[in-house]
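You will see two complexes here that share chain A, one where it goes with chain B and one where it goes with chain C.
Presenting the complex of A and B:
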């Protein structure tokens, strides 16, 4: 090979390595960027008046006087919408009454036909709602169309009635949908009974979600399945088309012009996201219970694993000189580190819950014990490394001063190894906080009654960030509505883990600097 | 007067026989205690094997022919009538994503570790290391969430474009290099300098034409790819590959570091470039360590639960053809995690025990991988120590 080619290969070889490093860093950025960007939106967003109303109602937060003023203002802007809806209903009733009058006209005709129509018309008195009456009228028109008597005019009249009824009927479903989406956007209409579900008691609390709803307000989603080889194609048609020629036509330009006035979005820093409990399956409120659960589990795991881990490290480094027993122990520890996390979960279920029965069902205690086993190898290894790094001279000096072995370990070795051991502990905490698989069967639940204090929590199941991220993003009934909560949870979890790891990295850097000098 | 009985007082340096006995006893007991605590780890792994096996074995006793069904039937219908517990498709799904993860992680990871250990100066390495540590630290559920919420929709909408862009980025430099080297090798036997030059130029033009045409057709095919669902084996493989990267990098970097300086210096002294040194000397010497890295990466990918549960589509089927990574698959950990919710209130049923049987398969495989990688690493250490 030529020298130039060899040089080129050499350069490209280095380039390949650089490329790999760049890809790795790029992957990290690509993964973290959306998590942090959209996670931040859970805390920092344009909150609408509904958000402030919810905070005042449910968390007693905010200035009541100011808010009431604001609500009155918004109410005034919203009133025309409900007026238009009322006018539309009036218009519909008016149309129906005209049809009924036409029916009565039919009923006045001679013979058994007129009697039959009249009998049906009598039912109208008992009908309560608009749509009940519409149904009866439809019935009449169907009957009238079957008329095959001598008067030709009647048949024509029946046809006209049918047409008018169909018009009213075709607007029924779209009108319901319109009211439904208005409810989702603005909350209950004035005078409406307060719904039971909290999510139905308020309109959109976030401006970004409100914009999605506004888009759905102006447009109707239609799926096109005409091409069987492809998946359904989504397209939007303006909703106003459904109400051409009715009063409702005015509604759309009005809403378009007053979008912001209807909801009064304002930039909000919702710190309560971290300290509030959730409302109505995370439709409102924060993630404090999940954070608390993660903290309980993590601390529990650390409390169980640290003493064992440090003692094991002391034994392995200071009290043994090899041998089969020790290499067996080391093998076991490294094997334990390689056990898949889901197997830890199965073991926790089979041993801690079904065999030892530390609790009757899932509990923080069972979860902590399982997680403790999971992080044990990490703690042992880190502590071993730290103890090994303590210079031999320290130990010799202590021994020469007459200290016993155990005394030396306690007063000289451990204190100087402490930063290294802490690093291991902190990294293990990050691991324990982030793990999901071991706690699925042993500790985590997605619905539970009350929150417990740490002691009570030991024997009760708990929320946990990692589990609830999974639960909310796959099993929640309105996955798309609470994306911000999911992202917020992921961000908080990643932040906890990263902060712990950052602490470890900094401590380690300081240790290595100390060792160098 | 100070009454000190401790060893610090100079008068009591020589202990009485009773004191001596107490001391020896307490020392012995202390050591015993330490040993007991340390063996917790050993007891734990033995308990894990025992308790998983204890709940796994009933599955093979309850059902007739369970063993054959478990490993050769690919129909997983745990709640249908009649029930079928064929795990073959799920095992293949697991193997498939592990393979995919390795394809992503090993080239990248080994290249990165070589760069870290042989090319980068120490000062810069300190800034790269945290990147790897953070990649390793991000919780698996966060990776899974990313795969499900960000990556899957992207793959579904712009998957073809994305793949073809990746293809071009990877293929162009590599094929350029290949053309250069190939033309150089083919013309190296020519006698005169002038003929060699013209021959090389001609070859470069011809070869690059061919290669470009090949690249273009593959890129076009990728661009037109219709991806029906974003939650598929490809998605999971890429994410698992990224998750396995830190393991692969750190283990293979250790292996590369273990190859002493003298090997490298010897190679440089013979006139080899850095690339030649690494490829012909360092990598072969570290090959077993890198094998260990690959095994540990496989384990990481196989044992991962959340990512595959959230983003693999969870369809218990063998893709057609088997290497079709664009189809949804199902894996062992995801099945255990997902089905236990429906199975654990029917404690003792076949449905409950089959999940433990899957756990046992997973556990035994990871034990095997772990032992092999440990053995391989220790053998390499011995060899290098003997050779140096």
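Presenting the complex of A and C:
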């Protein structure tokens, strides 16, 4: 081969390598960048007055005096909204009263027809709500339309009444929806009973979510299905159209002008996301219990697996003389490394909880033991490789100085293999922190009460980041409201794993340096 | 050098111990249905806020697993979205456990499609045929020319059992016939996953608990009835069922388990059930 060709081949090969690395880092960026960007939104966001109110109520954080002033200010801005709603209801009642008067008019007509109308009108006294009364009036007008007596324009009058009634009725559903959206946006109206569910006690705590609700407030989502051979088209019509000609018309421009004053959004750094417990299934609050649970499970897994793993590795490398038995053992360990993690989870449930009964139900202990089994092969293989890499001369020197085998392993082999072993351990920690399947049946729950110290936690179930991310994204009933929590959790989990890997690198570098000197 | 690490490490451990208070709380463990999950979680938080000396844990691993956990004695309350099967009763009785049902809420199973789908009415017959694979294009039920993507819950879930019992089982000439769900159907593991699949797939059809319906999916009228509080409570909506808590025997009166399985009878409990999107069993 000519020199030029060789050089060219060489260059193209290194070019290919560079390309592969570029693609890999690109992929990493594509995966990590959105996680960090959206995860950061759980910590940095424009918090509204509702967020600050929640913090003060539930976590007793924030300046009460300042907040009270703020609440008073916001309340003053919101009051006109509720005034308009009240006026609308008054207007409706007024309209209904007019209709009732018209019905009474009908009732004054002669004969059995008038009596029948009057009897129905009497029911009005017992009717409790506006809509109950509306229903009675509709019955009357529908009955009156069937009238075929001598009075000339009675039928016509009845038709007019039905018309008016149906006008009121068509506004019932839109008005309920409007109130519902206002509740979601601003929280309970003044004078309303405090709801039991915490998510209903406050309005939107984040400005980005509030904007979504505001959009829904101003617009009605309608789907156009006019052509059944195609999928429908989404269009937005202004909500104000539903209330043309009523006092509610004033409401929309008012809210539009005072959007910010209604909620007073302000950039917030919510560090409590990392130190608070969740409120009402993650609607508010933070993820501290999840982080703590992940730490417990990971530490537990390492405490159980490391001693066994290292001892097994020492035995396999230093004490056996090869043979079928050892290669069989080795292939068993490799197989164990390839077993799907859900199998470990089910084994953990069947063995640790149902058979051995290390705890009465799910617990950190059972979860850690299961995770320990999962990471054991990795630790054994890493330790084995590290021990094998210790130069034979070290061992020979120790033995020639009169040290016993055990002594040599303990004082010479293990310290020099330590960087490799530690790397294996820390990588396993990353794996244990991120695994979901093994802890579904053995440790993780979606809600629990108190947090425990490490010793007590052993016999109790726990939250865990990996499981709760899965739980939120698949099983939470209002997942679209709390995407930021989900991304925040993912970010924290990724950061924990990255931090562990970083520690591995640093520790390894330090120890190697120490060994060299 | 090592000393510094030791200090940091011991500091961390002490911090962990110090940050958590030691509580010796009574425990109530719940396991089971993902459909009942939102109710169970909200009840748990409500109950713990009221009696702080009780620790309620909730896991969601499916109705079948809930029943198994109750039999194995690893949970106090099994939340289930279907009634216990006779085989489960038998297995429980053999282990000396007597399951008692507490219906905590009513739930309809809305049949869900993408909101852009022009179809908004189906009959039970049509839904069954779609899940059997006999109807495989939306144009056959008055929609656009698109192949139907059938999404079902996993067979371990009570939601599946309910759907199977009420839709896939029917009478032909006086005999009960159980139809098979088509081979190409997608099985997903939770209500949320069904909703996610449907909201992202234009031509999908799925079913989930009433509490999981939001603006991103469209619930269909079944036999002309729209699933909502009124139609589910009155039984007009054809695919409805109660949601249960099962305990081992009736809980001792005055115990925490007793208070917990009767939350749904209190006014607050009913409000929670309703606000989450399910139907209270009692009227107030």
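In this section, the second predicted complex is superposed on the first by the 468 of 517 C-alpha atoms of A that agree within 3 Å, B and C clash if a C-alpha of one lies under 4 Å from a C-alpha of the other, contacts with A are read in each partner's own complex, and residues count from 1 in each chain.
We adopt the following convention: a residue touches a chain if its C-beta (ideal position, glycine included) is under 8 Å from a C-beta of that chain, and two chains touch if they have at least 3 such contacts.
All values derive from a computational prediction rather than experimental measurement.
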item: Between chain B and chain C, more extensive residue contact with chain A; value: B
item: Chain B versus chain C as contact partner of A:92, first or second or both or neither; value: neither
item: First, second, both or neither for A:205, with chain B first and chain C second; value: neither
item: Touched partner set for A:441, first chain B, second chain C, both or neither; value: both
item: Which of chain B and chain C A:474 touches, first, second, both or neither; value: both
item: Which superposed partner A:294 touches (first chain B, second chain C, both, neither); value: neither
item: Touching partner for A:232 - first (chain B), second (chain C), both, neither; value: second
item: Which of chain B and chain C A:2 touches, first, second, both or neither; value: first
item: Contacts on chain A seen with chain B and repeated with chain C across the two complexes; value: 231, 354, 440-441, 473-474
item: Residue ranges of chain C in contact with chain A within the complex; value: 13, 16-17, 19-23, 25, 27, 29, 31, 34, 37-38, 40-42, 44-46, 48, 52, 54-61, 65, 69, 72-75, 114-120, 139, 142-146, 189-193, 196, 202, 211-212, 214-216, 268, 271-272, 275-277
item: Chain A residues within the chain B interface of the complex; value: 1-2, 5-10, 12-21, 23-25, 27-28, 31-32, 34-35, 231, 307-308, 311-312, 314-316, 319, 328-329, 331-336, 338-347, 349-351, 354-355, 373, 376-377, 380, 402, 404-406, 427, 430-431, 433-437, 440-441, 466-467, 469-470, 473-474, 483, 486-487, 490, 493-494, 497-498, 500-501, 505, 509
item: Partner chain C, residues of chain A touching it in the complex; value: 195-200, 221, 223, 225, 227-234, 279-281, 292, 295, 353-354, 360-362, 440-441, 444-456, 460-461, 471, 473-480
item: Partner chain A, residues of chain B touching it in the complex; value: 7-8, 27, 30-31, 34-35, 37-42, 44-48, 51-52, 54-55, 107-109, 111-112, 114-116, 119, 126, 128, 130-135, 137-146, 148-150, 173, 177, 180-181, 184-185, 188, 228, 242, 245, 249, 273-276, 278-279, 296, 299, 302-306, 309-310, 333, 336-337, 340, 344, 347, 355-356, 359, 362-363, 366-367, 369-371, 374
